[in-house]
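Both complexes below contain subunit A, partnered by subunit B and then by subunit C.
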Partner chain A sequence: MREVISVNRVSKRFGMRNALNNVTFSVPRGVVFALLGENGAGKSTLIRSMLGYVKLTSGIISVCGLNPLKNPLEIRRRVGYVSDAPGLYEWMTVAQAGWYVSGFYPEGFLKSYTQKINEFQLPHDSKIRDLSKGMRAKVALSLAMSFDPELLILDEPTSGLDPLVRRSFLESMIDRAAAGQTVFLSSHQIAEVERVADWVAILHKGELQIVAPLEELKSSVTILDLSLRDPLLALPEAMDQMEVLHRTQRGRTLHMMVRGFTPEIEASLSQNANLFEIKAIRPNLEDLYLGFTQPFESQFSHESKAQTSSAAKKSEVA
Partner chain B sequence: MQLTIEPNNGIPIYEQLVRQIKYAIAEGVLVPGQVIPSVRDLAKQLTVNPNTVQRAYFQLQNEDVLQSLRGRGVAVCDGAKKQCVVDRQHLLAERLEAVLDEAIRGGLDEDRLRTMFEKALKSAIRTGDRQS
Partner chain C sequence: MELSQRHHPSLWTALIWKDFQQVKQVFFAVLVGVFCVQFMLLILGALSREADNKSALFGGTVTIACAAPILLALGCSGMLVGQERQSGTWAWSSSLPVSWSQALGSKLLVTLFGSLAASLPLAVIPIGLLLARRLETQANSVAAVYVSWLTLVIFLEVVLFCFLTTVLIRETLTALVVAGIGLTVVHFSMGALVADAPSLDGISDMSQYRFAIFASAILLTGFLLMTVAFRWRWGIGQQATFAFQGNSVAVERPISAYSQNAIGVAPSEWWMMLRHSFANSFWLRLFVLSGAFFISPELGYQTMGLFPVGLLLILGILGVTAFEGDQVLTRYRFLADRGVAPWKLVVCRLVVVSMLALVVCVVCALSVSRFHQGSLFPWSSLASLGPVVLLIGSFSSIVFRKSIIAVTVAFVIVLVSWAVILFLLAWIHSQVEWLVEGQTSLRNVVLGFFPVSAIAILVATFVLSRRWLVFDDAKLAPHFLWISVAALFSPVLLACTFGFLFVPNIPWQEMSVEIRTSRPVRSQLLSFSHPLLDDSIDVDHRSLRRDVSSEINGLRQSPDQHIVHLIEPMLTSLEAELKTGNRPAGAELQYKHYAKSLEFMIARTAALARVCLDEKDPKSALRFWRANRELQQLSYEFDPLLMRASRNAALLLLNELNDDEVAALGGREVFKNLIPAAHDECTASIRHSWLVANINRNYLRSTFVGLFPPLRWRLERQLAWSVAQHRRTLETKPETYQNYLCREMLINRYPD
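Then we have the complex of A and B:
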């Protein structure tokens, strides 16, 4: 079994609202996989359903080869999970929390926990209720990692944490990945994701926009800035060979995110008298994220809408 | 060895690592035989994905810049410096071409460009003399 998580045609409806709509992807073993999406995109619902907290409207999720709804205990033995608001018993001390949780896991947990607490420089005897947000997050992460889980799931692990704490979280994630374990995280910190992720998935309003290895995604997509002499003239035919993911037009400049931009297309465009400047740049993750989640702008006329590819239509509808 | 990574500057992170390690060898910051940080250590130091560091190391090993010493990590190859100096020249030539390309697109003619180049070169040599 190569994939650690497989999500197959998953939908979840809350009342009339579709939180997840027909989402399908899988997560290979040994990668850092980042899930991006705006607030309310369905990230937490997806993560919670991987752990069996959410009953799906339709579709199947398998985590480490198990169905989370049918094997919730086995999932907890094998998967470490840090939620964005970790539930810890307020009256326990840091050391007691580790001792309490160690009862659910094989021997070695407490030793590993103590080691992590020391690395994070957490006070053993402080009560959880007296800890800062960053310290609580470190306790939750230590608890989630101390049984050496084959999969670590983090729901916005670094939101609201200071740069130093974030850095130690990232280092822990890197350590897991270097040991060949899988890390699945959701995040809004695009710059962080760009450093640590092998794979990214972008969720927008419950629909999966893209899932791909980050480097492959960056190299397959191009941002084109075209300056037009006359914005009313039809664009050259070479444009139709590319898949348009996003486009906005402001006066005489046309800004596009495309897939399939080749030197041949570039040569053909540079012959066109109506285009007097062509800038092609490699997108960074933020460009990609915005391109996949922003609606097309309204200056875009109806006739040309009909010509764009299916992917373009999809991001319009979404 | 001080490396800096800019994840969003358009050059893949592993490629940035490859270039910076070659530059460090070309400049003599890293010397042949020197053991460099392990994949895990460098990944943590730079907070980048370890698979990315691994990919850069693999590429440098394929180009005979780095070699894996069994049980002792990864070290700079004996003949690496000469090759890295050449590679650095290629990279510089590429950047120079990009600047020239921009200038020509911007409508500068050959004579004007040559004057600008001579002037920039003279000023760079003067700065270099003052520093050495």
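Then we have the complex of A and C:
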């Protein structure tokens, strides 16, 4: 079985609101998979569905070959999960927390946990309540990773961590993936995710915008800045050969994020008299994220034009 | 030990360890609190001389031991389920490979076995009392079994329904209050079902059957509902939480645009804070108030004794709602960051809570007055204690961030302090037991000083609220402990220190007349001991005092007629005692039971004399009459007015002798000799009261009271005041008391 996670046409409704709408993707084994999306996009609902907490309205999810709703316990034995605010017992010490959790996993947990908290330089005898937010996150990560899970699901795992630890933690994710384990993480730290993620999925208002290997995505998408002589003239026909993911227009400048930008199209555009400058650049992950989550501003620009003209008319009447 | 070298725990070991660690503070608090109360009751029972009080106090050790597991069940459900859900550890735990059944099983095991284990040390004192035969065993085994089952059923119901409500409702305290209201209503219904039984001693089989069916149905329903709810909640983690609005920042609603327009102008800070205070813990208060309104009429009708306890419990919970929810870091930072003045916050919170408490008290007063018109409900005690309990609740809610801990600590503090105060009062009373009025007065003074405690707690709340709002890590718990203890014990200290100001000052020298007249008698009294009668004959003391003839009939109808055979040894013993009895210390004169015993003997010897005459034994009858005369003479050394009823009864019996019986006794001269000599009863009574007061005054100085002059002054004033009152009464109403007229009748029967 190649996929660790398989999400097939998953929808989830909370009352009148669609939290997830027909989401389909799969996560291959041995990769770092990043799920991106704005607040309320449905990331946490999707993660909780993978762990069997949420009953789906429709669709099927398979995690490690298991149905989360039917085998939640087995999934929790094989999957390490860290939420954005792990509710650790505040009265426990760091050592006690490890000893307590070791009861639910096979032998060897304690040794691995000790190693991890030493790496994170966590004091063994400090109570959780006395730790900073970042240190608590380190304890939660140590607990989730100490049983060497087949899949690690991390919901905002680096919030509260200082940059040094964040970098070292993310690099350890690459090592895990290299060792054949899978890491599924959702994060807002796009720049850092970009460094470690092999695959990226972008969720927007419950709908999956894109899912692809990061490098492939970056290479297939191009950001075009076109300088137009006359913005009222029609664009060249070569533009129709590309998939426009995002477009904004400011005066004579047309900013576009497109897929399928080939040298042939570039040559065709360069011969168009209306275009006096064409800039084509490879996007980073943040550009991709913004491109997939921001609305088409071309519509807004029309609306703003209309508003401006109506306001001008009113002022003339006055 | 190095962490990696520790043994690898099993799943059950880890779960049970974690659950026990969570509730061990609750166990400790309840165990210490209940054990202290048990110990106090034991000491009070040992000090008490009244048989009824002794029995009630010793029985209280069993009652409170039965209540302990129920308190533990409340605490365990609050901590193991409610607190876990409120603090977010529930979500994390449910992400571990632990099934719902394992999680529930561990929690139930800790609750059930923990409560059982905690009951064992609490059973030590009752078992000790049982072995020492100081505890009245329940005569009716059916009722005992019923009470035992009822306790067990209540315990299991509390466990199941509190688990259920805490699983469903996010706010722990609200959940426990809802469970409490539900269970109380269910038990009133259960009481109605078994109500055809005339009393606990006579429960019919049908009632037991109904009780068993009803209890089983409740427990089964509770178990099923709780299991389903727990499984569902464990399966979905922390999501879909059912919470009542008004308890957290997250669910606070902004004022709608409509209301802003309707107000028109910006509301004042006071108005907003009052409105916020009113909305704080709104649902919890609503449940508490509705519970009080619905349950109080039933409680007032059925069990008057529980009513004050229930009212104080409601006031305490209302007190905790004053700052409930604000203890959360985000909430108080929210207030502090907006520059809320601590004193304004405290004023607003306390004003709202006090108004609600007033409403509850008015409703309860109406409920009580409806069923118990003119009853002796302790309103004065509640009026002084109520504000203190309310303020301790609010004070603990400002100090402890977990509401369930705030409630538990507040009630343990109040319970233990109540027991200690009672113990102190009883101990002082036992040392100066002759001053019944004095003891009552001291209790009233203590109650009078409770407003001082309320002011102290109020000031402490204002002072600590500044620290609470200004500092993130304000450690207030140590302050809570000493301030609460000081506030609760200050009334006793103040009453002992300034109590003498509340007693009229009558100079001791005014008693000098009585001192001179009584000095010769005093030496005699100090060496006096009453004769002890053989108590093998069961005689009704009360009937002897009131009506000797009924006792005579009783003795006559004695089935084995053993009275006749016992007369000679009784007489010999009595005469010997009267001549040379045992001589106890003079201070023992103060004890009323000596006087009662003498009164009892006067009536009894007369009754036995009458029986001997009926049995044609005039010699023994004569000896009894002579003993009776001597006893009557002795009564003048005590307070003769206290024994006038039995003396009159005895002399009436003597007057009823016909001439033949008088002749059988030895004739008129012998009869005249049987009539006690004339005495001035009022003077004797005043003299005795002063004498006892003087002996007690000397005795006081040899006890602990002598070490604390203000208390000694109060008691000496009390002694002087009681003698003065006694004298004034006798001087103003002599005709009421000098009713020793029977003697005149006897003397006039055979004039010289």
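A few remarks follow.
Quick note on the criterion: the second predicted complex is superposed on the first by the 295 of 318 C-alpha atoms of A that agree within 3 Å, B and C clash if a C-alpha of one lies under 4 Å from a C-alpha of the other, contacts with A are read in each partner's own complex, and residues count from 1 in each chain.
Just so we're on the same page, a residue touches a chain if its C-beta (ideal position, glycine included) is under 8 Å from a C-beta of that chain, and two chains touch if they have at least 3 such contacts.
All values reported here derive from a predicted model rather than from experimental measurement.
Three-chain overlay on subunit A, with subunit B and subunit C fitting side by side and no clash.
Contacts of A:Val32 after superposition: subunit B is touched, whereas subunit C is not reached. Using the contact criterion defined above for the overlaid structures, shared-chain residue A:Ser49 touches neither subunit B nor subunit C, since it reaches no partner. By the touch criterion defined above, A:Ala177 lies against subunit B but remains apart from subunit C after alignment on the C-alpha atoms of chain A. By the touch criterion defined above, A:Ala191 reaches subunit B but does not reach subunit C. More residues of subunit A lie in touch with C than with the remaining chain of the pair subunit B and subunit C. Residue contacts after overlaying the shared chain place A:Glu215 against subunit B, while subunit C stays out of touching range. After superposing the two complexes on their shared chain, the closest approach between C-alpha atoms of subunit B and subunit C is 26 Å. The touching residues of subunit B, counted against subunit A in their complex, run 5, 7-10, 12-14, 39-40, 43-44, 46-52. Subunit C contributes residues 2-4, 6, 8-15, 17-18, 21-22, 87-99, 235-239 to its touches with subunit A in the complex.
Residue ranges on subunit A touching subunit C, taken from their complex, read 48, 51-54, 72-73, 76-77, 81, 83, 85-92, 95, 98-105, 107, 109-111, 113-115, 124.
On subunit A, the positions that touch subunit B within their shared complex are 31-32, 167, 170-171, 174-175, 177-178, 191-192, 194-198, 215, 218-219, 281-282, 284-286.
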